[in-house]
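In the two assemblies presented below, subunit A is common to both, partnered first by subunit B and then by subunit C.
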Partner chain A sequence: MRAALRVFAAEGLKQHRRIFGSKLVVFSMLLWPVLTLATTYYTVLPVTEAPGAADRWPLVAQPGRLLAFLAAGALAYTFFFSLVQSAWHFSWERVSGTLEAMFLTPASRMALVLANGSSALVQNAWLFGCFGIAAAVATGTLHLAHPGMLAVAALALLVPAVAWGAFLNSLLMFSRDSAFLYTLLDDPLWFIAGVRLPLFALPVWITAIGLAFPLTTSLVVLRGALLDGKDVGDLAGQFAFLAGLSAVLLGLTALLLRVGERHAQRTGSLQLF
Partner chain B sequence: MATALPTLRRNWLVTMRAYQWTYFVGTLATGILTVGLAYLAFHAIGGGRAGGGFAAAAGTADYLGYVTVGAAASMFSVRMVLWVAKAQITEQREGTLESQVLAPARRLPYLIGVGLQALTTTVVEVVVMLAFAIMIGVRLPAPDPVTLLAAFVAASVAVFGISVPLSAIMISVGEAHITQNTLFVAMGLLCGFTFPPGYLPDPLRWLGEALPITSALRALRAATLEHAPLSAAAPDLLLCLALGLAYLAVGLRLLGPAERIAIQRGGSA
Partner chain C sequence: MIVTQELRKTFPGQRKLFRPAGPATDAVDGLSLSIPPGAVTGLLGLNGAGKTTTIKVLATLLRPTSGSVTVDGLDVVTHAREIRRRINLIAGGERMVYARLTGRENLWYFGQLYDVPRAVLNTRIDELLELVGLTDAAGTVVERYSRGMRQRLSIARGLINAPAYLLLDEPTLGLDAPIARDLRAVVANLARDGVGVLLTSHYLAEVEQLCGHVYVVDRGRLVAQGSPTALTAGTRLPHTVELTLAEHAPAVSAAVAALGAEFEVGVDAEERPTFLLRSPEDLAGELATAVVRAGGAIVRLEVNPPTLEDAILAMAGASPAVGAESGRAAVAAR
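For the complex of A and B:
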């Protein structure tokens, strides 16, 4: 356990120095999401003003709530995407030759990949804070059953996100091409997870694929808890699903790490780039 | 020509050998998902209609057509800027910026060669995206061919124009990722790719007018959605050309000093 904690501390320090300590992170974590959010809001605005739109989606009757709905999506998406980004940085360990060194140490492999994702999230906690303050200032948008739901919502975002990040990192054991992460998980991810549209607007088959991505359900919980005043009882089904999905992702991670390491030992691929 | 054509040929070879699918899929996904989002929202939320305010602000009631033309223009602009603005920083990263400075070739023809190659690949990507849009049921009326051609030329000058000062910024600060993406998200909000800029607060709207892509988009939409004759689109076309050429002139002035800074700083881009 102490060894694992040291891995977490070291990984956190490394990421702070390499990525999140830099002032440039304000662009990717705050400026871009805010501008993209405004673009999305204005893009769907004409449709929500159509006659009868409020019958199909009651939320659009109040522009403030529509904005809050999209903002919650942007927040959760930025959170998850920061994990894609740290997985992408993890692939540089291979380029710079330190991936092999990491696998020569006795450090737990699982601790390594978990630390990679969770330190990204801890360092992005300020983003969650900014959102909370913005939502609280825009009165009438934040609608909590009780204050504890804020912590519950944060947890429903954090735990699946860490499992997702660990899973992405374990995938990189097999591939030297990390560009696919960016191409495949940037735009398609917001589309299928209901980041910019309510899930009912998506065709059934897209919703079905979307369920495999924890962001989809995390977002349902986040919006339910923060904007619709739902409590733990109302969201029990989603919690159970998220817990199951996280467990499956972590199980897959453990499996992929083991198979990947054995594969790498046989082929010597960890030092290839 | 002696510089432009070989550059065009070289970039085609690089694309065919190294990055055939990465760029293609990346650009295409963005365009298709933008149209897809608008399509689903239009049907599931709007019930197949857009609000009255849209027709007033956009000059057309055809929401899907409006977004589709915008998405095509967005793919075109992003791809052109990525190629042209990043040409020199890529040379720097690959270690050939010095050779470029030593060679007697001028910058403008070199960048035109890069731009022409980008134009040829992007046209393919845009055509595939438009085919997708038509497949899911977006109907684009027959455009006015002369206005469309003029708008296309003006839009090309516009994106080429803003790429050149951007290239100077990139090589002088040795950074591309933050610079390019900040421009792209700003363009997405200000230029009216997916919604009429009239929705924006006035200061932002004026900021958008400073980018030639905003007027290029108005001309493109006039040609495709409204079948406007050349004379009707002329003010926007002239504004777009004037702005694009102004950016180009400033950019070409900046490139020399930027190259000096880049080379003095050394190879770490």
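For the complex of A and C:
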């Protein structure tokens, strides 16, 4: 455990140096999600003004709550996509030779991918997270059953996100041709996870696919806990599903790390660009 | 002690979509060697001989296809994690360090991954930075380092866990001569302190200087082994002796011929007579005596014994035709 914590500290420093190469990054950390949110809001707005839209989706009649709905989506998406970016960068360590240097060490591989993911998450998303909560409080759109639901919402966002990040890291670490994943997990993820639209507005088959991604259920919990005043009991089903999905992702991560390292040791692929 | 027995490493052929896989490559083919603690052991061969593959198997980065590799009795496959605590690898070039971290941060990062005790980590980082001459640049990000500085930092990274065995794969590649000389001193000191070192290098003078025992591989097979001196002597390559006389002396040619060695007669730029003698033994003393007795006045005498480089090239040239066994037989066994 102590050794794993030291891996977390090391990865924290590395991610900090990678992301904060320039102070301007602080602006992009806030500006990029805010611009994304604004674009989404004004894209969705004409749809909400269509006749009968409020009958299917009552939220559209309340622009403040609609914005909060979309902001929660953008917040969660920022968390999850930062992990896609982090995994992408991790895969580039093969080129710089540092992946081999990392695998020379006795450090736990699972600790490495978890540390890499969680460090990227903290480094990338803290500013927008703080901004989002502050904006929700200031505009009065935050509806909590009790203050503890803030922690519950954070847990429902962070734990699956870290499991997702570890899974992606293990996938991209050993694969040289996974650039398509980056594209696949950008806009399509945004769509199928219900970031812009509520799940009931999406076709059933898309909803079914979306459930395989933890972002989808994390969003349901986040919106329920922060915007709809739901308590733990109301969200128990989603919690159980998220816990199961996170466990599956971590199990797959452990398997991929084992199989991937063995494959790399057999083929020598760890040194290939 | 690191011991490999009949080590083989075959890389599978590359799989292609809708096409059969390419042929497998035998990178290491039945290699048996031992690397004792407290000594520098050389691993030599031409490009593609299997040196780097061997080193990566010892470093647990590659898994042997067959044969066994043990480090202090621990199997490299079943006890990889424990072995990683005891070894480290330094490869040539400036890879294996993070460009956006400072020199000190790089060493701290890897110290954390090796779980170096906190109480000693900072002291060790200071010592290593001083050792590789980077104390003044410790706080500078590595992307601002020169190639040589990055390579020196890589060397410090390889020592961060105070390894019991150090695997050096062309460690002085790209280093300036003074830094390379300092590194050789460091390696010699490490061996004196009990560290077992395996060294591959294209600078064979470096190997001659540092290694007590050398393995020569070609196409993954052991071609020869022994001390650098024994390897050089074993190839029976000629010593050359170049001799220049002050002026022509009629009896000298007959005296040189009497030595029974192959020789050439010529003149130098100042029209002075020269003799070039080739012999498996060093005949410089006998030649000088014979020439003086024959009335010759020597103005220059230069002896060139065969080098390890000559020996390696000779072995590599001979091995495809004559096979490993004859090469092995030609040199002194360990």
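Just so we're on the same page, the second predicted complex is superposed on the first by the 252 of 273 C-alpha atoms of A that agree within 3 Å, B and C clash if a C-alpha of one lies under 4 Å from a C-alpha of the other, contacts with A are read in each partner's own complex, and residues count from 1 in each chain.
The rule is short, and it goes like this: a contact is a pair of C-beta atoms (placed from the backbone, for glycine too) under 8 Å apart; a residue touches a chain by one contact, two chains touch by 3 or more.
Note that this is a predicted model, so its numbers are computed, not measured.
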Which holds for A:Phe27: it touches subunit B only (first), subunit C only (second), both, or neither? first
Could you tell me if A:Leu13 is touching subunit B, subunit C, both of them or neither one (first, second, both, neither)? second
Mind working out whether A:Pro51 is in touch with subunit B, subunit C, both or neither, as first, second, both or neither? first
Touching partner for A:Val162 - first (subunit B), second (subunit C), both, neither: neither
Thinking of the overlay built on chain A, is A:Phe191 touched by subunit B (first), by subunit C (second), by both, or by neither? first
So, does A:Leu245 touch the first partner subunit B, the second partner subunit C, both, or neither? neither
The answer to whether subunit B or subunit C touches more of subunit A is B
Examine A:Tyr42 and indicate which partner it touches, taking first as subunit B and second as subunit C; both and neither are also allowed. first
Spell out the part of subunit B that touches subunit A in their complex, as residue ranges. 22, 25-26, 29-30, 33, 36-38, 40-47, 49-54, 58, 63, 67, 178, 181-182, 185-186, 188-189, 194-195, 199-200
Provide the residue numbers of subunit A that touch subunit C in the complex, in ascending order. 2-3, 6-7, 9-10, 13-14, 17-18, 21, 96-98, 100-107, 112, 262, 265-268, 270-271
In the complex formed with subunit A, which residues of subunit C make contact? 11-12, 53, 56, 59-63, 81-82, 84-85, 88-89, 91, 93, 95-101, 105, 108-110, 112-115, 141, 157, 161
Quick check: in the complex, which residue numbers of subunit A touch subunit B? 24, 27-28, 31-32, 35-36, 38-39, 42-53, 56-57, 60, 179, 182-183, 187-188, 190-191, 196-198, 200-203
